[in-house]
Amino acid sequence: MDKPLIDVKDLRIRFESAHGSHEAVRGISFTIGREKVGIVGESGSGKSLTGRSLLKLTPKGAKISATHMRFRDIDLLEASERKMRTIRGNHISMILQDPKYSLNPLMRIGNQIVEAYRLHHRVQPAEAKTRALAMLEAVHIRDPERVFHLFPHEVSGGMGQRIMIAMMLIPEPDLIIADEPTSALDVTVRRQVLTILDELVSRRGTGLMFISHDLNLVASFCDRVLVMYAGRIMEDLPAGDLHKARHPYTQALLESLPRLDHPVEELKVPVRDAAWLNGPVYRNGVLA
Amino acid sequence: MADIVHSVPRSDAGDVVKPNPLVVALKIAGRTLLPVFVTLFGLAALTFFIGRMLPIDPVASILGDNATQEAYEKMSRALGMDKPLWYQFGVYVKGILSLDFGQALTTGKPVVEDIARVFPATIELATLAIIIGTGLGIPAGVVAAMYRGSWIDQAIRFTGLIGYSAPNFWLGLMGLVLFYATFGWIGGPGRIDFIYEFDIEPITGFYLIDTVVQGKWEVFRNVFGHIILPASILGFGALAYISRMTRSFMIEQLGQEYIVTARVKGLSWGRTVWVHAFRNVAVQVVTVVALSYAFLLEGAVLTETVFAWPGFGRYLTNALLVGDMNAVVGCSLLVGIIFVSLNLFCDLLYRVFDPRTR
Amino acid sequence: MTDKAMTSPNVPSSGLLAWLQAPVPTSPFHARMQQLWQKAWRLRSNVPALFGICVILAILTAALLAPLLATHDIYEQNLAMRLLAPSAEHWLGTDELGRDVYSRLIYGARITLYIALLTTVIVAPIGLLVGTTAGYLGGWVDTVLMRIVDVFLAFPNLILALAFVAALGPGIQNAIIAISLASWPPIARLARAETLTIRKSDYIAAVRLQGASSLRIIFGHIMPMCIPSVVVRVTLNMAAIILTAAGLGFLGLGAQPPSPEWGTMLSSGREFVMTSWWIAAIPGSAILLTSLAFNLFGDGLRDILDPRHG
Amino acid sequence: MSDVSRFLIEAVGLSVSFGSQTARTRVVDDVSFHIRKGEAYGLIGESGCGKSTILRALSGLNGEYDGAFLLRDRELPKKRDKDFFRRVQMVFQDPYGSLHPRKIVERVLAEPLAIHGFDRHSERIAETLDAVGLGPSFRYRYPHELSGGQRQRVAIARALIIEPEILLLDEPTSALDVSVQAEILNLLKRLRLERDLTYLMVSHDLAVVAHICERAGVMHQGQIIEELSAQQIRQSQAREDYTRKFLQASIEAVARRTEVEA
Amino acid sequence: ATPDSALVVAWNIDAISTFDPAQVGEVVTNELIQNTCDSLVDFDPKDESKVAPLLAKSWDVSEDREQITFHLNGNLKFPDGSPATARELAWSMQRVVLLGYGNASTLTEYGFSKDNVKDRIVASDDSTLVLKLDNPYPTNLILQAIGANRVSALLDMKTLVSKEINGDMGNKYLATNTACVGPYRLVQWNAAESIVLQANDEYYGEKPKLKRVLIRHVAEPGTQRLLLTQGDVDIARDLSPDDLADLDGKPGLKIERVLKPQLFFWTFNAADPIFKNDKVRLAMRYLIDYDGLAKSVMTYLGVPRASFAQLGAVGALDAEEGQPFKLDLEKARALLAEAGYPNGFEASVLFGTLPHSAPIAQSIQQNASKVGVKLNLERMANAQLFSRIRGREFQTGMLAWQTGVPDAHGNASRLVYNPDNRPEAKLTQIPAWRSAYQNEEFNKRIQQALLEGDPDKRNQIYYALQKDVMEQGPMAIMFQMYNILGMSDKVKNWTWNGFRVYYDVVSK
């Protein structure tokens, strides 16, 4: 892992509201190489915003600032909309949470995939279709030819999620941002989806930014974990070192999930400490 | 104006008896057609009873101000007004069923014939108007939604509102003063210049079509010169409504997740809007357009007056003002049928174009 | 919660502001006021809506203070001074009977707003009631109500209106009823569509599971959700209402001469369009401005009230 | 176990179908189960297997089912009466959708009190809020001013305020993040003990069900294919192939981490 | 631009519903009938109170004035070329009585009835028609009423009989056709759109100068004005007074006007407790600003007139004597006080959609308010106004009345004469009855004037009657209206009087 794909320093995202201006992301720095990086944290901690800011697709009112925010050598902050279009999909793409809402309801699934491919590759429709079918097969869809012609409402959640993955992977991007790609799925399907994602990413050497609130899941799946709380990265450590996590929040997150193999009378709940807001953060188990 | 709204048909799961295909087909037909008939019947009944309630005495308006009482009573009998109400209603319903609305008092011709004459003029005008209104209104609405809050949005909204709230007759007369009297760019009021009036053999009643069919391009130009201004003014009004509704539908769609997906793919904003979002509002927009169209057919009275357009709106209003109930009834039913069938048409569109309802 | 803590509120400049911005409301009233405050705050940056509000307020003020603002007696005729162009004496000229157009316009705001607003106040609840009831209860109630709506929608408005003169006699109130009668069906359809989505929501299921009656659900839970879009919709109709009122005027419905209702002023100005343009243009512009203001305000309302558009 | 009645709630031969005559599908197929007083019973199974449908049928939201529900051995009428709602309350999956967006917490809680004619509104509201761990400061807030976990607490408070005997829980935590889920699960566990409640809980998360319930029915394609105790779930002691696969999938993720940790 | 061989007219022709001379009563159709169906005798273009030959080239009156014998032109032909004779004329005139539409009263008033009409209107040979009267009416009056009127149109009996439906004597056919002897014939009529008259090649008299008369329906005065100024019509018939004022004197245009026998009045319901009082009705007359209105709203529309006999009619008071009133609030107040209303009262005024009604009504309302009389104005559709007035369901109302004869008797017999004032008499065609007004003495004087042989004596009776009626009558007559139009100066020889427009002499 020589040069990181993404290098972000001191990213801040601000919103204006009735209660004055409000910072949702407060000065975070991280890098992502050709690896699987998990971002965890409770709802509202700024995970999605961080992910979207890399594509410059944050909501209208959001004001982004950073010391730098680079994709390879391109400064994303400076990049024009035209430049961003060549980056989106082609170099960085994003799997959205809920296939039910994230696919265009009136467009056949195949066409949506083909569109994603042809945007960045000048090929004949027929060829694009072949590619799309191959991609559908790659995400373990049993009857690609049939599914190609379905509408989004005609596929199940698990299938939808796989289709999203196929669609986002087909242009062969360098980095994929997956925003809670499995939280709407039940355990069986979730496992399949993760396996596929893992396969594809490791085969191609794509970077993956995996957003979730389930620390246990992320830990088992990713190489590195960033723990976010209230717009800050509290902890940044390799997944393998999770047991060395220093921040009480991280520790509590680990304990908060009920486990089959480890019954407890009462689950541990992170007791949020106001001091965390501006308190110390940890990198690789040491104070940063 | 109204929003036609479509519910996804609710499933009334009843008995689990094995369905007979014939019964099912009948049921589906019943479910779509029965409401149509009920609506039409309701419309007919309402028209009739309201017609009898009107303060206008049709007999007096036929016979004129100085008719004798004897003549008055004779005419009253001739119109069947001395019979009990239910009997009159029966006669009336029977007439409707055989598409016979009787004679129009104002013209002395059968109402059906009158409508056949005035309606094409209005359809021609309204169709051109709706083409103008749609052709400009939809893009305007989409663009306004795309640049929501910007000056473009405000400009579109403002322009639209002028079309919506400026009185038609004023716009019409000013348009005439400007384009007809001052610049001489267009033909004046009326459907055609008198010189050409006898050059058209009525085939469809739509002058634009008739002239094309007959290859009379000179006449076509004259006809077009006459229709373009009133159509633009009506279209302007329709534009306002269509663009507003389009804007609001589009804004709703643009807030959806799949728009983000499209952009993540690297699609340009314009293409996202036009290809992805617009497709999802198309049917709703068609509904709005259809409804505007229906209203144009019914209610362009003032424009028709200013442009001396021998159309349906004026015919209906005039009939109403002189208490010509036969004509009023015929027209009302026609309007009702148009409304109901446009409703039905939009319903079908939903079924056909929205795969979720199939 | 976390985001509250992260907020850096503007330094409250007064007790009231502090109260409005307090993180925790202390009473229902307080909560409501805070809501209002937040909405007002969001409106702040909505220039068109603010413009709309200002214009509406200006018109309302003009209507209220008409006796102070008017420069002439609105009924005083002077046949020698008819059809004068705007001048220092008559700011907006005089009409066909030599009355001062400016003063009539100011007084006319009263009647015009009265018609427009009262119609709205009648139409909105009826449309709401019918739409929500049909949408919520569904089944044959829905079928019957929507057929009625269809019939009224398809019925030429002028005929309805005339029938009303017959039944009730002339007058502004009856004009208002007649216009209302023609304008409630679209509202009902809108409310029904809204209801169809709302009735599927969990919070409606939740009240049902508490044993709430249909009546309670419709009035207490569904209607409040439909109100914003209905209100917005109704503000869009203002111009149409004013123009319809004018149209009915000549059938003896609505404002009768010499009342300075804008629509009536407009239609009597029709005769003079070619010779004294201002007679029609002035009330026409007033209607346009009012309608524009209500529209801008309505759009602003939608942006504020309707989370889906926010 | 009560003397009067063996079971508090019993479902007998329950079937539910959807769709028009032409395309009718049976979503719940001849399901029977029973719950004792004070027990927590879980329904698990993958998405779309019919769990929520059973709950909706029991709660009376969907009156079109075949078979019967018995409450204390008495069959429930298809159209539930007020008394039923007094005794059985439900908490929905999605805390974002189950609170009326324009009503402050107090009004949300006051409504069931009014419907069922309770007295001491103000005190009861304060007590219940307290019981679900929300302070008085939440009383006058709108839902959008609350986090997901807080909303779910309000929803639970709404269900509890009329002191029902039975709570129907439809994936009460699946929309919440894990830390909040923990809070809610703790709360539910505590309340059951404190108030002697009976739970029927639906979830696709085995760990959650095992944490809360003593017993669970495993559903597959509209049928309960087997019933397991919490203990059996934890130890993957399943009879059916399907259940085993299902249990396997849930455990695997965790196992991998343990592997990494080790 | 308009063709040289045709006269193009913009006119509001909404009201046309039939071309049956027995039925029409409305202004536009009346004018068209007069140009498509010649009558027995004609109004003299220059002096409408005189009669001139038309179908009849001459006529004899019996000694006792009870029989008139008309000698018809010999070469009368219908447009299809078939000969037209006195027999068809007799049939046509009998038909009017037998059908019993509004125009029947023109004949029934002079003693013709369904029972006797076949004996009293007879063709003694193909070119001679004999009218037998029941009383010695003034011959001029009879010629105006019967001869120069729609009722003596010569209809194509054969065609009509062949088109007869349910014994309607061709009434239905005539709803959309004409079938008479006249300078023009109707070749096309699209209701509320256009009318085309074509010169009748078989016409016995001098052939019309212009081949065609095209009438285009244009309801909006502003539109008419534009068409006229752009030269797309030759004549605009419904210009608004202000447009007329504006156009008057513009190069290339001219304004033509002529007084028509139409009176615009304010009628009071004498059955109303307030308005049954003569003094009250008189007081109302002093609230009308005749002068002010004449100089503003009514310029180009009409002239002040308070007498029921229109200017130009036989027996009419002259302009000055026929309009003695002026706005006089003091006088009105005094009269009201005498009548027992020192503080005024409240009443309603109904009026229709005539454009000048509203300003006049408002002007009066304003003046009335100064003497404590509160008038509530109610505008309504004309048809509704007529229903209300005919049903005596009103307090006061404003409307117009047009007579068919240039003789004081025309209006006296309607606006004053009321033979039976009972509600159940339903003499709804008589405005005096509608006003619930009956004055036996006036009735007698009218009867007496009708049969008075000496023109001077007859005039004297009318003069006196007019003066009395102006004081007491049930309606405050306000204006006599103009026929007025704007015309391109290309049009030559436009000829008209109050009763008749002569298309056939117009040239370009």
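By letter and in written order, the chains are A, B, C, D and E; residue numbering begins at 1 in each of them.
In this text, a residue touches a chain if its C-beta (ideal position, glycine included) is under 8 Å from a C-beta of that chain, and two chains touch if they have at least 3 such contacts.
Chain by chain, the UniProt names read as follows: A, D = ABC transporter ATP-binding protein; B = ABC transporter permease; C = Nickel transporter permease.
This one's a predicted model, so the numbers in the text were calculated from it and none came from an experiment.
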{"item": "Neighbouring chains shared between chain A and chain C, ordered by label", "value": "B, D"}
{"item": "Between A-D and C-E, the pair with more C-beta contacts", "value": "A-D"}
{"item": "Cα-centroid distance, chain B relative to chain D, in whole angstrom", "value": "53"}
{"item": "Whole-Å gap separating chain C and chain D, where each centre is the average of the chain's CA atoms", "value": "46"}
{"item": "Chain centre separation in whole Å, for chain E relative to chain D (CA means)", "value": "88"}
{"item": "Multi-chain contact residues (two or more partners), chain A", "value": "42, 44"}
{"item": "Contacts with 2+ other chains: residues of chain B", "value": "55-56, 169, 173, 177, 321"}
{"item": "Two or more partner chains touched - positions in chain E", "value": "222, 226, 380-381, 384"}
{"item": "Touch list for chain B against partner chain A, complex", "value": "256-258, 260-269, 276, 279-280, 353-356"}
{"item": "Partner chain C, residues of chain B touching it in the complex", "value": "1-7, 10, 12, 35, 38-39, 42-43, 46-47, 50-51, 53-56, 154, 157-158, 161-162, 164-167, 169-170, 173-174, 177, 244, 248, 251-252, 255, 298-299, 316-317, 320-321, 328, 331-332, 335-336, 338-340, 343"}
{"item": "Residues of chain A touching chain D in the complex", "value": "42-44, 156-158, 185-191, 194, 213-217, 219-220, 239-240, 242-243, 252-253, 256-261, 263-264, 266-270"}
{"item": "Complex interface listing, chain A residues touching chain B", "value": "55, 57, 81, 85-90, 93-94, 96-98, 101-107, 115-116, 119-120, 151, 153-154, 164, 167-168, 171"}
{"item": "For the chain C and chain B complex, residues of the former touching the latter", "value": "48, 135, 138-139, 143, 146-148, 150-151, 153-160, 162-163, 165-167, 185-186, 189-190, 192-193, 196, 236, 239-240, 243, 246, 251, 266, 270, 273-274, 280-281, 284, 287-288, 291-292, 295-296, 299, 302, 308-309"}
